[in-house]
Amino acid sequence: MWGYDKKLQYPVNIKNPNPQLAKFIISQYGGPDGELAASLRYLSQRFSMPTEITKATLNDIGTEELGHLEMIGTMVNQLTRGVSPEGLRKAGLGDYYTDHGVSIYPQNAAGNPFTASYIGVKGDPITDLYEDMAAEQKARSTYEYLIDLSDDPDVTDILKFLREREVVHFQRFGEALRSVQEKLAQKKFYMNNLHTCPNNNTPPSCGCQNVPIISDCGCQNNN
Amino acid sequence: MWGYDKKLQYPVNIKNPNPQLAKFIISQYGGPDGELAASLRYLSQRFSMPTEITKATLNDIGTEELGHLEMIGTMVNQLTRGVSPEGLRKAGLGDYYTDHGVSIYPQNAAGNPFTASYIGVKGDPITDLYEDMAAEQKARSTYEYLIDLSDDPDVTDILKFLREREVVHFQRFGEALRSVQEKLAQKKFYMNNLHTCPNNNTPPSCGCQNVPIISDCGCQNNN
Amino acid sequence: MWGYDKKLQYPVNIKNPNPQLAKFIISQYGGPDGELAASLRYLSQRFSMPTEITKATLNDIGTEELGHLEMIGTMVNQLTRGVSPEGLRKAGLGDYYTDHGVSIYPQNAAGNPFTASYIGVKGDPITDLYEDMAAEQKARSTYEYLIDLSDDPDVTDILKFLREREVVHFQRFGEALRSVQEKLAQKKFYMNNLHTCPNNNTPPSCGCQNVPIISDCGCQNNN
Amino acid sequence: MWGYDKKLQYPVNIKNPNPQLAKFIISQYGGPDGELAASLRYLSQRFSMPTEITKATLNDIGTEELGHLEMIGTMVNQLTRGVSPEGLRKAGLGDYYTDHGVSIYPQNAAGNPFTASYIGVKGDPITDLYEDMAAEQKARSTYEYLIDLSDDPDVTDILKFLREREVVHFQRFGEALRSVQEKLAQKKFYMNNLHTCPNNNTPPSCGCQNVPIISDCGCQNNN
Amino acid sequence: MWGYDKKLQYPVNIKNPNPQLAKFIISQYGGPDGELAASLRYLSQRFSMPTEITKATLNDIGTEELGHLEMIGTMVNQLTRGVSPEGLRKAGLGDYYTDHGVSIYPQNAAGNPFTASYIGVKGDPITDLYEDMAAEQKARSTYEYLIDLSDDPDVTDILKFLREREVVHFQRFGEALRSVQEKLAQKKFYMNNLHTCPNNNTPPSCGCQNVPIISDCGCQNNN
Amino acid sequence: MWGYDKKLQYPVNIKNPNPQLAKFIISQYGGPDGELAASLRYLSQRFSMPTEITKATLNDIGTEELGHLEMIGTMVNQLTRGVSPEGLRKAGLGDYYTDHGVSIYPQNAAGNPFTASYIGVKGDPITDLYEDMAAEQKARSTYEYLIDLSDDPDVTDILKFLREREVVHFQRFGEALRSVQEKLAQKKFYMNNLHTCPNNNTPPSCGCQNVPIISDCGCQNNN
């Protein structure tokens, strides 16, 4: 379970409203590569991870992304604070104002509500960790695009902080992947509670040299 | 930001696998009235609440629902632990196994990925608190339906705990609604940063006696 | 079944085209809190209502919302009548023109097609009536936001009429809720064909004082 | 606007519950080719029809489909009336019961909530009428599949009635299409308020012999 | 299977960037009536067509639409080539840049990701061919709207080519429909592997004169 | 453009119908990690790849996945060939039969229509290639789960072939990633037409040692 600590992971003090920038930044709240997608992906995947250390990595990062979600919400809130409906309309937020006033709704920049279709949870640790590394790259790219669109140093500073965190997460997922691969290599075979043997108990084909070792039932020469 | 405390809000120790029950219970993970929907709704709405106390209520309950999300994930995980693909197939989880193995994916019982279309965030505190009261009633109903479907006392016990929490949340949202209504009545009019005056600065029609006081600009006799 | 009466519930005679306003108003045609959502919600819920009077309330209001849907369609049609593609493009309707010409498509302001994910139909009368009260509050807020965005008195007048109707519906749903709660209190327990007893025929926990009486099987002291 | 007449278009008196059949039939409530899709499509398209007679055809049929929607809801309601949660689960409706109890939710047989992505509203009368003819064929096919799945003569009888109505609607849309094409041929060119001339006022290419005359600006030899 | 031929079906050489036009044109990449929808519809339907010639027609056209998809992607790519983030933002593509940079994502003009909900695959050849004729009309209308919005002759020229192809496809589907209807008339009844007899082996009602002959089991006087 | 070659990439000759297996296998037609998702992802991403060789890799694999899509469609078609509606219903395909008869519709095993929300196209070559590697791992896992569920050697043999191809694609995307990284290292900085400099022309922060070199404008010490 989680406890709330009444502070942000990194300070968000934006001096000037900028609704148009808010419209783009909200994609990191509820968009395809945003913080909600990240947090939900990792916190869901952890249940089927094979080692305590990978469970912990997913849990740590998933929890941190919740804090990023809060930072993004705070940014959007500050960037639209006190802006009149007319000001919102001129900034391209008339659509948003119609359905959500000046609140924070989990959507991407174009207005699509968040969907879990964005995330993969496959229950295979190798696969899930590749999914996570790709997710961090996609988040990094989004932050770079937002930095390109930002003309406010206050905003850019926060976006750069968040970008750096994604790069760190990418590295941590890479390490987790290697640890899982090594563990699988040691055991010469891999069987977790997620991938029990098929009915006839014979392994699927066992010829995956040079690629990440995959989950099989009794594949001896798998390294 | 949030910190993780390595325990569940309420113990989940299910002794017997029961994949069919897992299939239904997952709706409280990623379904229309589930814990993710609840948590995301409240944590998003809090940004535009007009008082510190309503912000805090939404934050508290939103954080608790994250803990419920974890409990539901743990239940699904325990109910499917060690079940063979054949066992999953027989329990109606062949579809699920195809796309998600034995992991926890945010979907409803019928297999629809979670979508933020389930939740309302309008930026009007009266409206958002009614949305929240309705959400708690919908969650309560879902837990009752799951209790009907459960034949395992271990599972039923946890479902009853969660149902009780929804009832408590419903009451707390009712109290928050009254506190906002009283505050609005005291001030005789209501204007927050979410609802600035229209361009001509004249109030919309002011004749809403006997109903919750609504956001207007300068409506004096509104109570 | 329904019969068509060739008139609008309230006259719609907008003198000046205003495509940008049309873009926002279409949210009440096919958006999350629009008239289609309202009508479909009530007309679907009525099948499982426990009393003839609540069935009738849902049927009446659901039928009236169909008439509002028609009014909104007429408004959008009048606001875009005779506008050139160039004029539509300048008003931010180039996207809309590409896929729908100058017709009326059930979408929200941001362009998301209507989805039934917006609505709750739970089959529990208390829950469904709370859902309906929340729905009316959300519709009210949307009309207020549209009034904020409107600079045409012809349009504002109609929006105010529609807002008032939502407030009336909110009150009627509140009365229906009370009537259902009283009926349940009289009977000391509640059992309808939607919520038959669980297999072991024992009631769920019975300690819900001070909250709306909930559906249980044999809970005697429930008031 | 519409008035409600408290009777069904065709009597629905199903003697025996049959939840599994209900699960399939609900697709004609909220599925891709169901009655909601039909009604919404026609009632939305009518706003941009070029003649009073085609407007009236769409309005008539759209209104009749509302009555069919009610018939389908009544069928599903009767087929699940009094069935216990256990009975629903055995019939494959455990998923449905979890999220919707024994109410009527606008979804298809597989559990996807209704979406307006199913329907086309293009604002070109020729196109929209072809869309409508295809829609009626799709509805006809669905009713045939449901007849195949039905083992209850009470149900089959109603399904056949509804199938016949779709065939009649198909014919009426064909007649409407011919009337529009003839009108366009008479005028030798076609210009309605939905399709104003491009900026340079020159017609798009004018060589569409042997196909339905299409909307152009000044194409003289178009027949 | 398919082989790639490194050329476009029709040359795409757009001299001037025009990001706003790109924003509209992308609807023919991943929008409701775009080339992906068309190709996927026809290539999926062909599996259940009753004759080799209709299978071949669907296969040919489905394959050609893949080539059109590539042309549209190339157009969008050329129209946004070398445009700065600032230029994209000014053209209304700030939303798009946030989530997709300057790549080609399968969405419609308003930013909705492609969904197969747009397409009908019913497994009844008459129905599917009507669906296809309607699809071609919808694609034709979209191209006409895009021609209206285009102010670049290079672009308009390509759009006209694509529009013509849709008209040709419409004709070919009409011919395929007639060939299937004739085949059905010859045989006096129709039974393919898609529509086997219901359990009791008796035909559904057989009174569909004057309409396209429909799939039945043993209906003799059906013509 | 593409040309059709009337043969499958690998023979599909399944001797026995098995509709339940078909229900699972269709996920590789239109599911989150299926062949349509793969093909569409690669064919869309290629437009923004920086080198001819990576464009060619994406084009080759995207084209091959089209052939796999056809193989999967053929498998589903053979597995349901000649099965009666009653047989489909018993195999859990009553839902499917209701809406799609015995045709091939792009959906996942649980019945969700394909959506492009499943795929990432970011326009950053490093990111897109990680997305592709993750996609191949997800496809591999799905094929393994299907192999677990299959009890027909004819089917398993084809699934193994397809699984092997995904492994080969994973390796090829890894090589493409390395080639792009090397190219970026050589140039000491990276700038393609997808990622032009922000307005002030100063680079984002340049401290990304030990991670894949990322797109920056003028970052010299980036390797």
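As written, the chain order gives the labels A, B, C, D, E and F, with residue 1 at the start of each chain.
By our rule, contacts are C-beta pairs under 8 Å (C-beta built on N, C-alpha and C of every residue); 3 or more make two chains touch, one makes a residue touch a chain.
Keep in mind it's a predicted model, so treat the numbers as computed, not measured.
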Intersection of the contact lists for subunit E and subunit F: A, D
Option in A-E, C-D or B-D whose residue-number contact pairs overlap E-F by over half: C-D
Rigid-body rotation angle, subunit E and subunit A, from Cα fit (steps of 5°): 120
Same vs different contact residues, subunit A with subunit B, by half of numbers used: same
Maximum centroid distance from subunit E, chain identifier (CA atoms): B
Rounded Å distance, subunit A centre to subunit C centre (Cα mean): 35
Distance between chain centroids, defined by C-alpha means - subunit A, subunit F (Å): 20
Computed distance of Cα centres, subunit D from subunit A, in Å: 40
Shared interface positions of subunit A, touching two or more other chains: 32-33, 85, 92, 99, 101, 107, 110-113, 115, 117, 122-124, 141-142, 148, 195, 198-199
Pairwise touch network: line, ring, star, complete, or other: other
Interchain contacts, given as pairs of chains that touch: A-B, A-C, A-E, A-F, B-C, B-D, B-F, C-D, C-E, D-E, D-F, E-F
Subunit C-facing residues of subunit A, complex: 85, 89, 92, 94-99, 101, 107, 110-113
Partner subunit B, residues of subunit F touching it in the complex: 20, 23-24, 27, 31-33, 92, 108-112, 141-142, 145-146, 148-149
Subunit F-touching residues of subunit A, taken from the complex the two chains share: 32-33, 112, 115, 117-118, 120, 122-124, 126-127, 130-131, 133-134, 137-138, 140-142, 144, 147-148, 150-151, 160, 163-164, 167, 170-171, 195, 198-199, 204-205, 208, 210-212, 214-215
Subunit C-touching residues of subunit D, taken from the complex the two chains share: 1-5, 7-9, 30, 36, 40, 43-45, 47-48, 59-60, 63, 66-67, 69-70, 73-74, 76-77, 81-86, 99-107, 113-117, 119, 121-124, 128, 193-199
